[in-house]
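Note sheet for the following structure.
Labels A, B, C and D are assigned to the chains in the order they are written; within every chain, residues are numbered from 1.
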Amino acid sequence: MSWLENSIMAARGEAKGLAGQTFSITEESQGKYHYVYGPYAEPILRVDPGAVVSAETHDAMEGQIKSESDSPSAILNFPFLNPQNGPIFVNGAEKGDCLAVYIRKIVPRGPQPVGTTCIMPEFGGLVGTGDTAILNPPLPEIVKKVEVTPEKGVVWNDKITLPYQPFIGTIGTSPEIEAISSLVPDYYGGNMDLPDVGPGAVIYLPVHAPGALLYLGDCHATQGDGEICGFAIEHPTVTTIQIDLIKNWTFRWPRLETEGLIMTIGSGRPMEDAARIAYRELVRWMAADYGYDELDAYMLLTQAGKLRVGNMVDPKYTLGASVSKTLLG
Amino acid sequence: MSWLENSIMAARGEAKGLAGQTFSITEESQGKYHYVYGPYAEPILRVDPGAVVSAETHDAMEGQIKSESDSPSAILNFPFLNPQNGPIFVNGAEKGDCLAVYIRKIVPRGPQPVGTTCIMPEFGGLVGTGDTAILNPPLPEIVKKVEVTPEKGVVWNDKITLPYQPFIGTIGTSPEIEAISSLVPDYYGGNMDLPDVGPGAVIYLPVHAPGALLYLGDCHATQGDGEICGFAIEHPTVTTIQIDLIKNWTFRWPRLETEGLIMTIGSGRPMEDAARIAYRELVRWMAADYGYDELDAYMLLTQAGKLRVGNMVDPKYTLGASVSKTLLG
Amino acid sequence: MSWLENSIMAARGEAKGLAGQTFSITEESQGKYHYVYGPYAEPILRVDPGAVVSAETHDAMEGQIKSESDSPSAILNFPFLNPQNGPIFVNGAEKGDCLAVYIRKIVPRGPQPVGTTCIMPEFGGLVGTGDTAILNPPLPEIVKKVEVTPEKGVVWNDKITLPYQPFIGTIGTSPEIEAISSLVPDYYGGNMDLPDVGPGAVIYLPVHAPGALLYLGDCHATQGDGEICGFAIEHPTVTTIQIDLIKNWTFRWPRLETEGLIMTIGSGRPMEDAARIAYRELVRWMAADYGYDELDAYMLLTQAGKLRVGNMVDPKYTLGASVSKTLLG
Amino acid sequence: MSWLENSIMAARGEAKGLAGQTFSITEESQGKYHYVYGPYAEPILRVDPGAVVSAETHDAMEGQIKSESDSPSAILNFPFLNPQNGPIFVNGAEKGDCLAVYIRKIVPRGPQPVGTTCIMPEFGGLVGTGDTAILNPPLPEIVKKVEVTPEKGVVWNDKITLPYQPFIGTIGTSPEIEAISSLVPDYYGGNMDLPDVGPGAVIYLPVHAPGALLYLGDCHATQGDGEICGFAIEHPTVTTIQIDLIKNWTFRWPRLETEGLIMTIGSGRPMEDAARIAYRELVRWMAADYGYDELDAYMLLTQAGKLRVGNMVDPKYTLGASVSKTLLG
């Protein structure tokens, strides 16, 4: 028995958090991957709530960085970056609803070394970028390939191996009429690069377009807070999710639940705006669903709220604000 | 004879800055207005370089705020805001080219009072917003309708009349595969809300999609620096532009030219990033086209550069950095 | 035996991390508390490295908020806020050295309810402030008094009790010639409000003035990430520290060590600048003392670095970047 | 007859805006220059309202950058930067009052080339800095010396001469108990680097310490918006000011008046906070002294307010928000 039985997904989902039909998205069945989150692409799959979907994801560079002698800036070609599986049309999903996505499993796929990280000009948290535009010379380009297995973990070098702690870097629903680069995180999810979005968690995504149109991709084998150089351990995977639908649960920003906490996710610039969004959403959630007075929640989170910095390198920075379920009564 | 004859548009444009065929876009011929800048809408017009186009623009609220007793927050419905004319397909325009748009004339249209400004919750520079998310109570909603004529100006009240200094609040080309809300300013133009984009100026816009796909709308009768409450004097107009095409002039952010200056336009958050983008683009332009060493340009702009704050209320803030042509040799 | 024996303080300190003479600072012996970090106040104590000092700290409101019916905005009077014990002159400390402060113990003092949190106009992370200046009306003022004991913890209400996890909110050395409000965190420490600065940790502070001139105060009984309403559980304490001196260890921003990690602390606005400072300092530390190539450290922290948001309410925001000692070889 | 006769200084000043006794501060009579704004230095002059004071100011580098082959980073030694004249004790000035300083004249002094600008690592708006901390390599250091005379202007090179448009880069009163680096602009004035603070303007500075304790220095021969490389045309001068005192005019941030406008000055980070401060102060001033409803002022400034970016390189950025006196009735 899993905590999922006590989740919001189980309590409010159309499929009651139970697994239904299973589906598989292979590279072949996906065909063209997508570089925007939007309503203009044809669904590759139509499913009912409860569907369990396994998808063959690409890494964020679509596998183009093959060796440590490659030059990312020569190979990577905006806006054709961060390829996404989907969109998946969820039957019955309408604007104002919420898609619940339980992340069941992530495993690497493909020949080793399967993991890649890079340093690339004009991208990252400790360098000038296209937005924080400066005149300093760039750092040298570096590509590092690492072996990644669930058993051994991420083999950084002879001395250092990091645990395999995979998560989905980019996941979300389609905006209503916008089609936004899969490099961007925003109100519909997208490129949040938040390590909490991993196996065992449920992410709740607001629905804006008919069928929700779920996209996902960009799995990371592990990542530190902030994803500071801009490239986590990027790797292709088979990622398995279970989809449910909560009717008429309307909110602005993605939410997340694990066995121990609830979290709200904000993306913005400057970073304090992402934190403000996340914490305000959490205050409002505690008031709407857990009987808190808003100002009492505000004061309690001052003592017991947690902030996780997902990324500080994407077009918007992403932070998660969370509170332990033990404080929710 | 106009300064235009000595402009970059005249020197490098396919039509040599000369006026060609004239076109008119009425509300009727426009049909559906657009709320995103993207490549997924059918062009309403196909023109050659030199085309002179008059467009009936709506105000940013699509004329829905009809009286001072209306409630903007009840009426306005994201994402269906800031309606745009277009897209106009410019024959011959390809990725890597530059569209030159000379703004010839802006005149109000429709019954008086034709101008509208508002205070609306969660929008503006001196209030909490969806991004700068706070718990303070909102300001009261206010709608103010004002008479606007080119002759008299903007009649604020019995004592104060402001000059009519119209400009195009939102103008740009289509991204390659993204479709971005017309509320956003970014690398392709969009909702810059920069008063320099008015009659007598040429704006240079990078081309990303075949035909460039020019959109425009959201004209303001006058506006202060920063558009601080979020609503300039919004008004419907007939706006006349002249379009030219410069092949193989590739740059990242919009540029502008008037008789006296050249300007680069950056949009970003926090505001210093918009300023950095604008100034770096100006340094690079001076180096590429005016014989400056980059660091010499950097030092000279420190003494003689000008910054104009367009908006500090949109999803990205917009600033223009400029230098007098007298310093360009 | 404590981890301290294996600390940098033990390895490099003049007193080898060993406890020396003990001192006590009472309210009476302190006399006037201080509201600036600067070199213009007379030391209240002169000690050798190794000194163990117990100080009676006030809460940040100097005990003036006595009841839940008090009005913080009427009582609190800038700049006479956040009273500090000290300065303590450390014999032998000179500019370019580093003060090591091991935090031994924090216990509440005074009559219950000893803990205080508040909501006050123009202060906090989810409201407009003097810096993020807006026109919205303020939230109501609220004072909440809570019982705090090491045994029971922080008694929030009938249902919720939080663990007692005390730390020093404000600690630092004197700038060389500046005297800066004790509300500010900066390169010398100050009002960092970072929960890691608690019992069992060593904080390393750069020395700028002869004798280092150590100040401390503002202890919190517990605090969430960001200290979002601006007032943690503020409480008066007896705080016991052990001071050591590391000659000729020169760096710009405070550093911290626990049994399991090393951390660098940055303060700035916007929040991403605090994160950048913290991470750059950590990269440099790993390169200087642990044999890392800078860019390799940058890539490794991308996978394994941790960010803690201390405060997002003070004049500068404070973040700590850390890495596990298991990755330092 | 000057506009000064119609100024606020004339209307409300103790000396009615009239010139009184004259004083001179030479390098010799100044003796030690100051690097902090604070109450811990002895006044070098005590004057009554009406005093006309001429001061020999140093440039921001205290004349240490003597040739184009000098290395600023090797010579300049924080915190001993930006030397200030003063403090001047103004008889009768008390906390809650306002010091009015009319800037009469600025002339260069010393041997030509008297003007200096530089590019220096870790300082400037288009480079990484100590706050926007990055790993990119620095730009090369550059020193440029230029001839500056009121008659000819600033001789940039053979082709370019900029007009002499001098102003006071750093001016302010003392904080009450803080002593803050003269590199910082804040609520008391300081290193605002705002070109409006030039001859013909009156700056109004809040008083926090007995006698106000006026400091000034850091005059610029000309400067662009943002002072983007960090060094305007720095030059030593004889600067003449006329001081008046307005009793019981209490406000938070510096204000400025010229013949045509009133301006409020905000300093902060990120840049939008400086803009918010400036505009909110202007709204409040229009409401307090010019009969405006606050929200009406907010809407009018949206149409007619002007923003000037002073600096975007100092520890806080400085912006001035202004409105034409023609709109004040």
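The rule is short, and it goes like this: a contact is a pair of C-beta atoms (placed from the backbone, for glycine too) under 8 Å apart; a residue touches a chain by one contact, two chains touch by 3 or more.
Which protein is which chain? UniProt says A, B, C, D = Acetamidase.
Since the structure is predicted, the reported quantities are computational estimates derived from the model, not experimental observations.
Where touching is counted per the definition, the chains common to chain B and chain D are A, C. For the pairs A-C and A-B, the count of C-beta pairs in contact is higher at A-C. Using mean Cα coordinates as chain centres, the one most removed from chain C is B.
Computed from the mean C-alpha positions, the centre of chain A lies at a distance of 48 Å from the centre of chain D. Mean C-alpha position of chain A lies 34 Å from that of chain B.
Each of the following residues of chain A touches two or more other chains: 126, 132-135, 139, 269-270, 276, 279-280, 283, 295, 298. Residues of chain C that touch chain A in their complex: 117, 119, 125-126, 139-140, 142, 144, 154, 156, 159-160, 162, 222-233, 269-272, 275-276, 279-280, 283, 295, 298-307, 309, 312, 317, 327, 329.
Listed in rising order, the residues of chain C touching chain B in the complex are 126-128, 132-139, 270. By the touch criterion stated above, chain A contacts chain B in their complex at residues 35-36, 38, 40, 79, 130-135, 175-181, 252, 266, 268-270, 273, 276-277, 279-281, 283, 294-295, 298.
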